[in-house]
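The next part holds the structures, each set out as structure tokens.
In the two assemblies presented below, chain A is common to both, partnered first by chain B and then by chain C.
So, the complex of A and B:
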């Protein structure tokens, strides 16, 4: 059974969050936790001589950014249980130590899928990350399943 | 760790496999640095209280490990897009296997499409996805 909701909610920015400057330590710790070996993420001196001229963050570092509001206030509940369905990440610009990131969140899509076990709803939250120069850094689509 | 050019790769190439023992400590370390230090990612009892079989690894950690596999394959590959579906919770304290293959080469922008996945010892694909990587060219 389809859940009725006001589709005008889709595409509206419901949260904007700014983060403290990205630190070198944060990049190194994140890379270490993933066992990264690429000197671009792990070795400041080598990375300085590389194509970016400095250490950069592993591409998935943006997934640790947390919006103040994860979903809009008036988003209806589509099911009893929620699961993390997955992420789609577009990378546009590298993140360097000192970058100040801002993230704007919208509901990108809501759709229903019917399978053997009944209906499931997918809520796609889109986070657009920009840096202090106004450059687009990344777009993260977060798929939440509810049933 | 090597540098591969667009000309060096072919459709069907497998990315060098990574087999690792995913320890609970590594998951906790990730959870700490990623600001996700909550029971489901840090201790078995807390995770069971949430109805999980035991502590699990964050989905985004699996995504990060798969991105790391791409970076190990070719340190010059620039990930433009990576998408992963979390099909099943990833349980630590066991072996996981990271796998990938080049499915398409696109001449126009020197990118390659890859299939990527994480499987357990029984070959069950817990996380599946795709990535688009830009490669340097010799031309």
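So, the complex of A and C:
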């Protein structure tokens, strides 16, 4: 038997947050912060002649999006302390200036594992980011470890 | 056909690894002089990756790829080789508190073999549990050389192997591409299938191999000649 909790919370959207339109300045600042040299992210004129026909954002831009609610209200606690267990990022449609991004958050999985220091519980929050056309932009699986 | 295999590693199918199987194969091809492996066994955490089909990759790279599982029990972690539908139906691999004795006995009855891995580790290694509980029946061998173990953890296993007469094998426990094949197992017989592997592990005639580069010990500070100044 795996870790016990009310599994009905899995897959339910507990937050949907829309963000202000992405700006060209935001993309350029983010790219500069990353040390990006790729003209797709840094040079509007060159990017216009590239495969996307315009400046696009480095795909990791979505990692700075913050939902209104980080976790559902009735998420059980699996331990006294927790820390960030990392994120998996799946990239889909490019992000362009003017895009309005929306992020829908669900609990994707909760599982237990054992290690040198004992039991750990992992809560996987899945954030699906779409644009104003309804295109999937990214899927971010964010792992929170509790013990 | 293989005689030297890495019996313990994780691919991106495990929650804590991002290593694609093909990247492992590319790395092994590149490092063949240092790590002369002929095959590997993917032992994904708390699951059996039934859907994973690596036959094309086997053909492309000329390496044997077999599939197994790493499960979590009340005596620590165990590698289960020869996972089949009967074993999957019998156990919930996601359960981190499986009965080790049941796993060993039932997996053997159903055609596979379960072998404790990294037995020298605290909490999830067999040795610590043997200090508190009776020894398990039916253990054939243990992973005496684990590439992910910390200093001292592998060294503790020699006494266990000697005391209980267990066979010893090795695996890299790689979660990262560059760690693949650093520890492995050499068999006296050829392994072509998972059934061959299970038979060989039951029968004995294998040993761990360590391909890690042993770096010379560097003193923390240069030695100062003693000129009898009384310091």
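Keep this in mind: the second predicted complex is superposed on the first by the 143 of 147 C-alpha atoms of A that agree within 3 Å, B and C clash if a C-alpha of one lies under 4 Å from a C-alpha of the other, contacts with A are read in each partner's own complex, and residues count from 1 in each chain.
The rule is simple: a residue touches a chain if its C-beta (ideal position, glycine included) is under 8 Å from a C-beta of that chain, and two chains touch if they have at least 3 such contacts.
Since the model is a prediction, treat every value here as computed from it, not as a measurement.
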Contacts of A:122 with chain B and chain C, given as first, second, both or neither: second
Partner chain in contact with A:90 - chain B first, chain C second, else both or neither: first
First, second, both or neither for A:112, with chain B first and chain C second: second
First (chain B), second (chain C), both or neither touched by A:53: neither
Chain B or chain C, by number of chain A residues touched: B
Contacts of A:29 with chain B and chain C, given as first, second, both or neither: first
Shared chain A contacts, counted only where both chain B and chain C touch the same residue: 88, 143
Complex contacts: residues of chain C adjacent to chain A: 15, 18, 45-46, 72, 77, 92, 94-97, 121-124
Parts of chain B lying in touch with chain A, wherever the complex brings them together: 1, 20, 26, 29-30, 32-36, 59-61, 63-65, 67-68, 71-72, 75, 78-86, 129
Complex interface listing, chain A residues touching chain C: 1-3, 88, 111-119, 122, 143
Parts of chain A lying in touch with chain B, wherever the complex brings them together: 26, 29-30, 32-41, 58-60, 63-64, 66, 83-91, 143
